[in-house]
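Next up, some structures in structure tokens.
Two complexes come next, and they have one chain in common, chain A, joined by chain B in the first and chain C in the second.
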Partner chain A sequence: MSTAPEARRSGVALRRGLRDALWGYAMIAPLCLGLAALYLGPALAAAATSLGDAGRFGEGVWVGLANYRALLADVELLRAIANTARFVALTVPVSLVWGLATALLLHSRPRGVAVYRALYLLPALTMPAASALIWRWLLNGDYGLLNGVLGVLGLPTLRYLTDAEVAPYAIAAVATWSIVGPTALVLESGLRRIPRHYYEAARLDGASALARLRHITLPLLAPTLFFAAVVTTLLAAQTFDLVLIMVGPTNPALASTQTVLYRLYVEAIVLGRSGYAAAMGTAFIAMTMGLLAPLLWRYSRREFQHGHE
Partner chain B sequence: MATSKPRRPGRPERTALVRHIALASGLLVMVGPFAWMLLTSLKTLGEALQVPPTLLPATPQWSNYAAVLDALPFAQLYANTTIVAGVRAAVQVALCSLAGYAFARIPFPGRDALFLLVLAALAIPAPLLTLPHYQLVGRLGWLNSLHGLALPGLFSAFGTFWLRQSFLAIPNDLPEAAELDGANHWQTYRHVMLPLVGPSLVGLAVITVVWSWNELLWPLVVNSSPDRMTLAAGLASLQGQHATNIPLLMAGVVLAVLPPLTLFVLGQAVLACRQKQ
Partner chain C sequence: MAPRLIGWLLIAWLLCGCASAPATLAVTLRYALWDVNQVPAAEQQIAAFQRAHPHIRVSIELTPYEQYWTKLGTAARDGSGPDVFWMNGPNIGSYAAAGLLLPLEGWIAADGLDLSAYPAWLVDLYTLRGRTYAIPRDVDTIGLWYNKELFDAAGLAYPDATWDWARLREAAQALTDHERGVWGIAAPLVSQSGYYNTIYQSGGFVLSPDGTTSGFDREETIAGLRFWTDLIDAGLSPSHAQLVDTPPQTLFQSGKVAMLYDGSWQQRPLAQNEQIRAMVDVAPLPRGRERAVIAHGLGHAIAARTDRPEEAWAFVRYLGSREAAEILARDGAALPAYGETADLWVEANPTFNLQSLVDALDGAVPLPTSADAAVWWELERTHLTRAWTGEVSVEEAAALLAQEMNRVLAWEVLPR
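Then we have the complex of A and B:
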């Protein structure tokens, strides 16, 4: 009663498992080793630094979790967290919706689509410092074009970058403006992978454009949309150069616009408090991964259960 | 996967027009600031500061551009930036597609945990990385070199994430058929799956080139000699010297933006031609 076929099957399964493992590790090895050396290594080093009170030159005494306790009491940091959260909430949904609309328009291959695509990428092709400079000039309270045009039309002008109430929205707008192009590019590459015959079958069945969007496009675009959402959120949460160049340290609107990474920059580079800055950075990574990991876990589970859907 | 759309009278033309209007309005917002920058670069300082703002310069001040070209060795800067960007794009496409495929389609032990670790790299704020990267490049003896400059950009969690999602979006039947035919993972990857994620590969290459082009902090830190500088670093020095000469700065920005944009448009045109054939 030897279960020869079963023994053979489990032997085959073992060999396949081994083969999968070998191939899997081999294929991810170059990338993972590189990431480990260049990203995870420094992150661990930062965590180590955060347990001391090192100054600009690295010398420090071990203080345990004192830096982390200080983080919780740092009023400016707490304000910066609120600013960053608001910034993300403003930038991500708008850029996703706008990016999706643009991707859909580009996907329909109108005449001159290559020109449209190139020009939509122009804000992203430009150096952030340059973009910030251009917008800082456009939004200038006294000489800027926007206020100039509004003034000529008799409409109220605002101090976009010096008014604490308005500045956060101005910066969110500029950030959205620069991220829409690549977002549309990524989403369009996702759209291109949806097989056309799904749409043709739906059209034959009489489905409207809106129904096609809801039942074919969005579900099949889901992996790409998820990717775009995650990356945009991470980028928005890490904004710092826009604030640095458009607002700057002497601006009264700084308190309502400075982001977490701006505080990190101040602590690490301006004030030279390496230990405290490392704690801030490590906490930032932990918080981000803490928010991201469950989301990814739940999403991957669904992927494995339903295969590709 | 090119198909032709069946023509129906009347509706396609109106829909196409609406689409063009929508795209063009978005385009105005995207491109408008650059048009303004171009105009500003051709004005005198006095004209640029006028209130209410003047639209066109009285006479185009090409001297602004001459001054910028005088101040920076643009040819060398373009060459450096292009080499670094190109190498990074090539390496990233290769490594991220390999790893992305494995994470998407090979069930190996610890895969999900490892992928989470890969993503963790995305959460690391840039200011924390600059000093460790500098120390690593220093220990390798690659300071002030193009390979030292390129190193941190060779490995991308972003690219891996993107390619993994792209591979996941491909229906299971294709790779499964390949496996039934006896293909091993490399063959499935190379001959079946990789061609199917073409748009994502191109997108990743483009984004990597753009990001390398614009990178500022790292090139400033790792290279001190002017003949190894990239474009962004060169422009930063321009900003340092001529902080209040707005038209001059704008001219510099125009010169910096023009090449990647031109190359990109040309690349798109070439792709479009090839697709039509």
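Then we have the complex of A and C:
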């Protein structure tokens, strides 16, 4: 197209450009319609609900921003935000490092690599509720398998799910366990896109494995790492089912493990305060988007300029 | 050729007509419930009802309790929910106030239905401002379930109606054996089958009769709460953390805990468990300063937006009849609300001493509830957890709880 002579531009090229654009829109239309109907629509409806004081069954009067003001004063919510932040800080780095190590190992194509890949993916394919129930049983303070094994070995045992100090780490561990597989898979696909001859050249120049990792792998893997980091952060921030199933409402560890979405569940479902819960949800979306959008925007522009895929 | 064709067309038309005629007359009602143990009894009741009303079909929709109210509330709002469904005390207030239930007193009067067959307090539970919103289905009480083998091994006589708190503590002391990981009793943080009973046994209360004041800051109520925390402190019960980790029913059924306060609804699952049924029995709750047992019962309600109100009423009326109650009693899954069938329930389920659960109905205390019960129940969980773990004293937790509960009660919109 760029080689077409100047004279033709105003005619054929313009029509073709328009046709391409229309095809483009047609291609993304189904996805956009779906997004609009299933995400944007409900999100806007929730925002509308948040401006009233709707109870369990939906009716409510206009209260403006009163719910949002109440959010700022909600001590339980502030604690939940802190818990969620700690949870993200525990889960994301560990799963990225572990995922990268696994990806590097998988990338080296050992024998039976397909089996390892499948094993690593299994946790992510299991229903979260099922994993949570099994882990709850394994981590049981008195009769769980983990404490059983530690006890036999003479090692100290802990109350993983009912001790306020330990429970956040236990839940973060289970979350990491289920996220590592897909993370490793994504990173492995990123590794495959790095041309082999870079490594060969580096090896010829005498670079050590560590140097190759630092100067070739990590920089070229950066976009994929970034993507994995964003997705993992979003997933970790939205943890709810693990807390609901592994930690109950009368659990002494609830205060240190309840996340933002768990508070939303309590407000919406247990207490029936739909308006307030909608405000919590809308604020959460706004906060998450507010934090991530600038990052994504800046990064995607940089990628575009560098010409990397 | 033409007559043959017409002949075939006629036959085809007749067949289509035959197939569709009953279908256009048949009405299907959707019936929602939450207890899988009670489905067999419900199916028998439905079969009997369908025999008497051939043009009405009933389909069961079973949803586990944890999701039942969420699903029902969402569906009822836009009229896509079941026609007939189970209702309980904690939810009758909010559902009636939101206009989601069909008032039944008109039909009750027209059909001359006699509500005195059911316990008066249960009919009252489902009657708000003179309008009846549900017909009682069953009643439940709380009993002292105990492990006979552990009692025999300790050489103790089984619990009976003479027991009081002191006797219970003595027995728990004798039954506790930390070496073997056995406790005398479980002290979980549960209201209906736990501390509500001991609160009333101490002469305290949870909610004032007019529904405006919390009873948690009263001395007697606190004594009822201390009953449980004292058991934990004395090592006669697993700690709160242990009971959260492993449900008390699991501990009881595994022989780790010798006694457990639990509901009459446990009768059937325990009786069906071959390993446990021989090992376990039930006795009346020990008395405190007074004798008191928390009683509750489910009702059948009709959705306000049902498009089959007449048929739904026919079904609900049947479910509240003596015949349906006898089916339920024989099945054993629940004690019917229809008073005269209690003996049938006891006789048909000889595995356990169910008479003690029926006797508890005399002078039972109806489950305390209000329109915003969900809110102050959550407050109870939050505050009393700290008392059960020993983080704060029972007095302090109860005082804070009463304060916040009073605030919630002051905002409630629905008077009885």
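One rule holds in what follows: the second predicted complex is superposed on the first by the 282 of 309 C-alpha atoms of A that agree within 3 Å, B and C clash if a C-alpha of one lies under 4 Å from a C-alpha of the other, contacts with A are read in each partner's own complex, and residues count from 1 in each chain.
Here is the rule we use: a residue touches a chain if its C-beta (ideal position, glycine included) is under 8 Å from a C-beta of that chain, and two chains touch if they have at least 3 such contacts.
Just so it is clear, the structure is predicted and the values come from calculations on it, not from any experiment.
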| item | value |
| --- | --- |
| Combined model on chain A: chain C and chain B, fit or clash | fit |
| Chain B versus chain C as contact partner of A:161, first or second or both or neither | second |
| First (chain B), second (chain C), both or neither touched by A:249 | second |
| Which superposed partner A:288 touches (first chain B, second chain C, both, neither) | first |
| Chain A: partner with more touched residues, chain B or chain C | B |
| Chain B versus chain C as contact partner of A:271, first or second or both or neither | second |
| Touched partner set for A:142, first chain B, second chain C, both or neither | both |
| Which superposed partner A:62 touches (first chain B, second chain C, both, neither) | neither |
| Closest Cα approach, chain C to chain B, once both complexes are overlaid on chain A (Å) | 6 |
| Shared chain A contacts, counted only where both chain B and chain C touch the same residue | 142-143, 269 |
| Residue ranges of chain A in contact with chain C within the complex | 55-59, 140-143, 159, 161-163, 248-252, 254, 266, 269-272 |
| Residues on chain C engaged by chain A in the complex (per definition of touch) | 70, 73, 76-77, 94, 98, 100, 181, 189, 240-242, 244-246, 374-375, 378, 381, 384-386, 388-389, 391 |
| In the complex, chain B residues that touch chain A | 1, 3, 16, 19-20, 22-23, 26-27, 29-31, 33-34, 36-37, 40, 48-53, 95-96, 98-99, 101-103, 106-109, 111-112, 114, 116-129, 131-133, 136, 151-152, 154-155, 157-158, 160-162, 165-166, 168-172, 184-186, 189, 196-197, 199-200, 202-203, 206-207, 210, 213-214, 216, 232, 235-236, 239, 246, 249-250, 253, 256-257, 260-261, 264-265, 268-269, 271-272 |
| In the complex with chain B, residue positions of chain A that touch it | 19-21, 23-25, 27-28, 30-32, 34-35, 37-43, 45-46, 98, 101-102, 105-106, 108, 110-111, 113-131, 133-135, 137-138, 142-145, 148, 151-152, 177, 180-182, 185-186, 188-190, 192-193, 195-196, 220, 223-224, 226-227, 230-231, 234, 238, 240, 261, 264-265, 268-269, 277-278, 281, 284-285, 288-289, 292-293, 296-297, 300, 303, 307-308 |
